[in-house]
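Take a look at this one; I'll ask things after.
Chains here go by letter, A, B, C and D, matching the order in which they are written, and residues are numbered from 1 within each.
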Amino acid sequence: MNKRMTLREAVEQFVPDGASVALGLCLESLIPFAAGHELIRQGRRHLTLIGPISDMLFDQLIGAGCVDCVMAAWVGNVSAGLAHCFRRAVEQGLPHPIEVRDHSNFTMSLALLAAALGAPFIPTRTVLGTDLPNTNPDLIESTNPLTEAGEPIILVRAVQPDVAILHVQRADEEGHAHMWGNLGISVEAALAAKAVIVVAEEVVERDVLLSDPNRIIVPAHKVVAVVEEPGGAHPSPVQGYYGRDHDVYHEYHRRTRTPEGFQAWLEEWVLGVPDRTAYLARLGAERWQRLQRRRSAPSVPVDYGY
Amino acid sequence: MNKRMTLREAVEQFVPDGASVALGLCLESLIPFAAGHELIRQGRRHLTLIGPISDMLFDQLIGAGCVDCVMAAWVGNVSAGLAHCFRRAVEQGLPHPIEVRDHSNFTMSLALLAAALGAPFIPTRTVLGTDLPNTNPDLIESTNPLTEAGEPIILVRAVQPDVAILHVQRADEEGHAHMWGNLGISVEAALAAKAVIVVAEEVVERDVLLSDPNRIIVPAHKVVAVVEEPGGAHPSPVQGYYGRDHDVYHEYHRRTRTPEGFQAWLEEWVLGVPDRTAYLARLGAERWQRLQRRRSAPSVPVDYGY
Amino acid sequence: MDYTPQELMVAAAAREIKDGEVVFVGMRLPLIAFVVAKRTHAPTAVGYFECGIVRETPSPELLYTMADPPNVVGAAWATQLPYLMGLMASGWVDVGFIGGAQVDKHGNLNTSYIGSFKAPDVRLPGSGGAADIASLARRLLIIMAHERRRFVEQVDYITSPGYGEGGEWRQMVGLPRGGPSAIITTLGILRFDERGEAYLASYHPFTTVDEVRANTGWALNVAPDVHPTPPPTEEELRIIREYDPHGFWTR
Amino acid sequence: MDYTPQELMVAAAAREIKDGEVVFVGMRLPLIAFVVAKRTHAPTAVGYFECGIVRETPSPELLYTMADPPNVVGAAWATQLPYLMGLMASGWVDVGFIGGAQVDKHGNLNTSYIGSFKAPDVRLPGSGGAADIASLARRLLIIMAHERRRFVEQVDYITSPGYGEGGEWRQMVGLPRGGPSAIITTLGILRFDERGEAYLASYHPFTTVDEVRANTGWALNVAPDVHPTPPPTEEELRIIREYDPHGFWTR
């Protein structure tokens, strides 16, 4: 089935108000900024955001008023510092209050893995003795029923996102997708989610994908939309395609210290551009060119023959 | 660190009597028959075998008297039928009684995954209402503490093998290993195990392995031995190298109906050959040649450059 | 008769697969039933193979086991067993196939122990993935030889759950969904009433209701509209014989 | 002084890594400490990066984040976060690095809320992987700026566990192992006594014990043999400056 559509169509059809959305699952790379910006442009409201550490994108969605709840291990700006919109939302209720369920990276991954396995929870000994269970009802302090002494244990409740948005290197129009490099919690989230939106740097022939079925990230029957969006992860890096645009993170950090500053940034880079093509045009060809892959490092093929 | 050694050395050094050993983790393919036969030749005793379905190899180890306990979902001969040695051991205590902990494929994978995650157990709703918990103390009937009604749940206790033996397509001498095709529960077992023995069709340069770090199966620091053993999985198939030798399974099934028949088979194919080279020579060059890959199906490379 | 009982069983099994469904494909005959379904009425069905394979096209050659190399080439995913089982646990698998050494009138299957599990007469191979498929798939199709010693009032050991003791048993023990939809045997097709008891829905053209009853170890209910099972079509037979030319599984 | 406090901290952190160890590498300065250790006394150390990377060689270029493309090329494993965390949960990680906004005298860290978590003065980013590293690594190294408002008697919120309230607290709450081994600060190096309380082990050459005390929010114990921290060697400085030529992290 051909599931190819524009990002606008994919967000319209598959991310309604109130949805829980997993995104930014590789941590600092392959962040679906284009998809996040489209959520903002469409004025999506009451979202629950699910992710491990989020490098800047959650902050943007929170600042734009799209978010009611965040389930994440870290919301900030990895190379620059704190997240101003996240701070304003929690500290001052601006633009409106949000609920935060504090995870660690491991507990977030276990919550998604539990859902991927159809398990109600996974027990763990991480975060014992911390305050995280006090600010996250999905981390339940319990005792291990397999030990007589009843040793303490944390039960991490399964989290099933309504939709996971994955930015990948290549996919076909049916939803077979190849992703490489650090995978973070992408596999767990894609398996856990009720639906997967694939945003790809390139849409290629099915044969390319099926030539290497071990690299496919999730079964295509779970994928509801395939979007070709080159540069859709900028300013985050895409292995084999382009590097991280560090300056954007620093500029964002500087400019969003005030609500007015954030609004101006949002107008310039999100509301004021209709789509990613216009965004990249605003970025400028020369700057975009500088980020492109300079040298190849191809994988040595393997043989699936018999 | 160069961890290359012969299979004899690897089994001598890293699989003592009484060890728990995970092997045959891809189900019907990449079964480490050469390693299993070396365990038999070295007269290993009191082993615990851990695996999903085992296609013939567990039966051989049980018949040879190496095994005290089996944790598995299925012990038989996939294309031919029941496992005669397994039957004799359970039904008649020949050559000696064994303990069997009955798993399903899913519960076996969860037991290893739990150990891989450092979790004491993983809860699941599979096998509820079955008799498996009656013949496996590692499947504990319990109730879900996250539900008020206390819905029934099975707690699958973590299983940590002393050693996992993986047959792979290619590895380097430090233990970086590429495995492709159906992976079964190989990743879970290798992550769970205290040590990993890699048996490879080919030992190649480190650069080949590191050209595709997503395909590496387990961190090399967990690998204690690397063995180059071409044909080491015969008669099971190795994607990209050779096909399944169906006749061996049928011949084994026919010949091992009696203890005497099994002993004769064992003398001919295990005890009577010093190593895999001699085994393949006994098989015959022509027959071995017929199983070799006839056509290539290479993966389309990906680019890790930047 | 110009087809074997196995060929009829494969065709009947294939017809249970609906287009677009996710099928947990079992060993032996279901391997071929999936191929027949894909090539006839269910071109977009997806096959899960527990060794870690997902296919959207039939394998190019006959499979003796699901991990045979032809099943991997052109696969739509090659992955880890718990991921496929996990998707099934979450409700993504519409239908699964398994066989058994013993089945009882509530569709419970035994592939573990004949006699007492403490001192068994026969030790069978065990569950494999069967217990998982029977626990977690949305519906279950059972394929097996119809013999009196196999069709028993109550199995000696429940490896794979059917409807247990009948009624609301599955909900009571906590199973999330599912239950047997049909038993496709060498003699007929059994379906299940609302209390979870098997009844004869059709008998194969080469047998009779009485013969089926004689080969069943309990007092088998029979549908009012019981009828001969439709034989395999020419197209079905052609596909089966192309795929299994030497009749390894189907003769 | 011909080096920055950050450079000294990186060198001090590198010296805490032993050859052959598995290191859970944190963000910022530890990224460089791992490189220095690898290129000096710990050539066979292995680095885990929580985004899903394992490296046996330093990345060829400076990293701003651990998922930067230079960290993936030549990696010894590119994988899923829970696998690396799971190995740490099973005891495979010898040492992990984290920073914090607040630390207390028992080495507990807060990177979540300043003030009450119900109505915080400052919402910090949160744990990331820090809580996991502090819970599960065999020993923990803390790197942070030494300021009175950061070094507090008791943190407002325990994001990452140190020795809790001291004594047997970690065993009591069920943590499997670990605990802070040192706090490497902009002013000195703190270690922990057997009750799990931090004391000053060395002060950096450009400061004094009194200055360290003045910047610490509790009555800081001082080791009898307190001494100046050995400054970075020329080799260490050369490696740091080659790797971070513009001083993005170290100036």
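We adopt the following convention: contacts are C-beta pairs under 8 Å (C-beta built on N, C-alpha and C of every residue); 3 or more make two chains touch, one makes a residue touch a chain.
Since the model is a prediction, treat every value here as computed from it, not as a measurement.
K.L.:
Count how many hops through touching chains it takes, at the least, to reach chain D starting from chain C.
P.N.:
Shortest path length, in steps: 2.
K.L.:
Going by the stated contact rule, which chains contact chain B and chain D alike?
P.N.:
A
K.L.:
Measuring centre to centre with CA averages, how many angstrom lie between chain B and chain C?
P.N.:
27
K.L.:
Just curious, how far off is chain B from chain A if you go by their C-alpha centres, in Å?
P.N.:
Roughly 36 Å separates the two chain centres.
K.L.:
When the centre of a chain is set as the mean of its C-alpha atoms, what distance in Å lies between chain A and chain C?
P.N.:
40
K.L.:
When you check chain A against every other chain, which residues touch at least two of them?
P.N.:
110, 117-119, 124-125, 153, 180-181, 183, 187, 214, 237, 239, 243, 297, 304-306
K.L.:
Quick check on chain D: which residues sit in contact with 2+ other chains?
P.N.:
Those would be 53, 69, 72-73, 78-79, 82, 85, 89, 136, 176.
K.L.:
Which of the chains touch, listed as pairs?
P.N.:
Listed in label order, the chain pairs in contact are A-B, A-C, A-D, B-C, B-D.
K.L.:
Quick one: which bits of chain A touch chain B in the complex? Just the residue numbers, please.
P.N.:
110, 117-125, 140, 142, 144-147, 153, 155, 157, 169-170, 178, 180-181, 183, 208, 211-212, 214-215, 237, 239-240, 242-243, 293-306
K.L.:
In their shared complex, at which residues does chain C touch chain B?
P.N.:
Answer in residue numbers: 27, 49-53, 64-69, 71-73, 78-82, 85, 89, 112-113, 117, 120-132, 135-136, 157-161, 164, 169-170, 173-176.
K.L.:
State the interface residues of chain A toward chain D in the complex, per the touch definition above.
P.N.:
Those residues of chain A that touch chain D are 26-29, 52-53, 55, 72-76, 78-79, 82-83, 86-87, 90-91, 100, 102-107, 109-110, 113, 124-132, 134-135, 151-153, 180-188, 236-237, 239, 243-244, 246, 297.
K.L.:
In the complex of these two chains, what residues of chain A are touching chain C?
P.N.:
1, 115-119, 160, 176, 187, 191-192, 210, 213-214, 216, 218-222, 304-306
K.L.:
Residues of chain C touching chain A in their complex?
P.N.:
Within the complex, chain C contacts chain A at residues 22, 44, 46, 53-54, 56, 69-70, 72-79, 82-83, 85-92, 136, 176.
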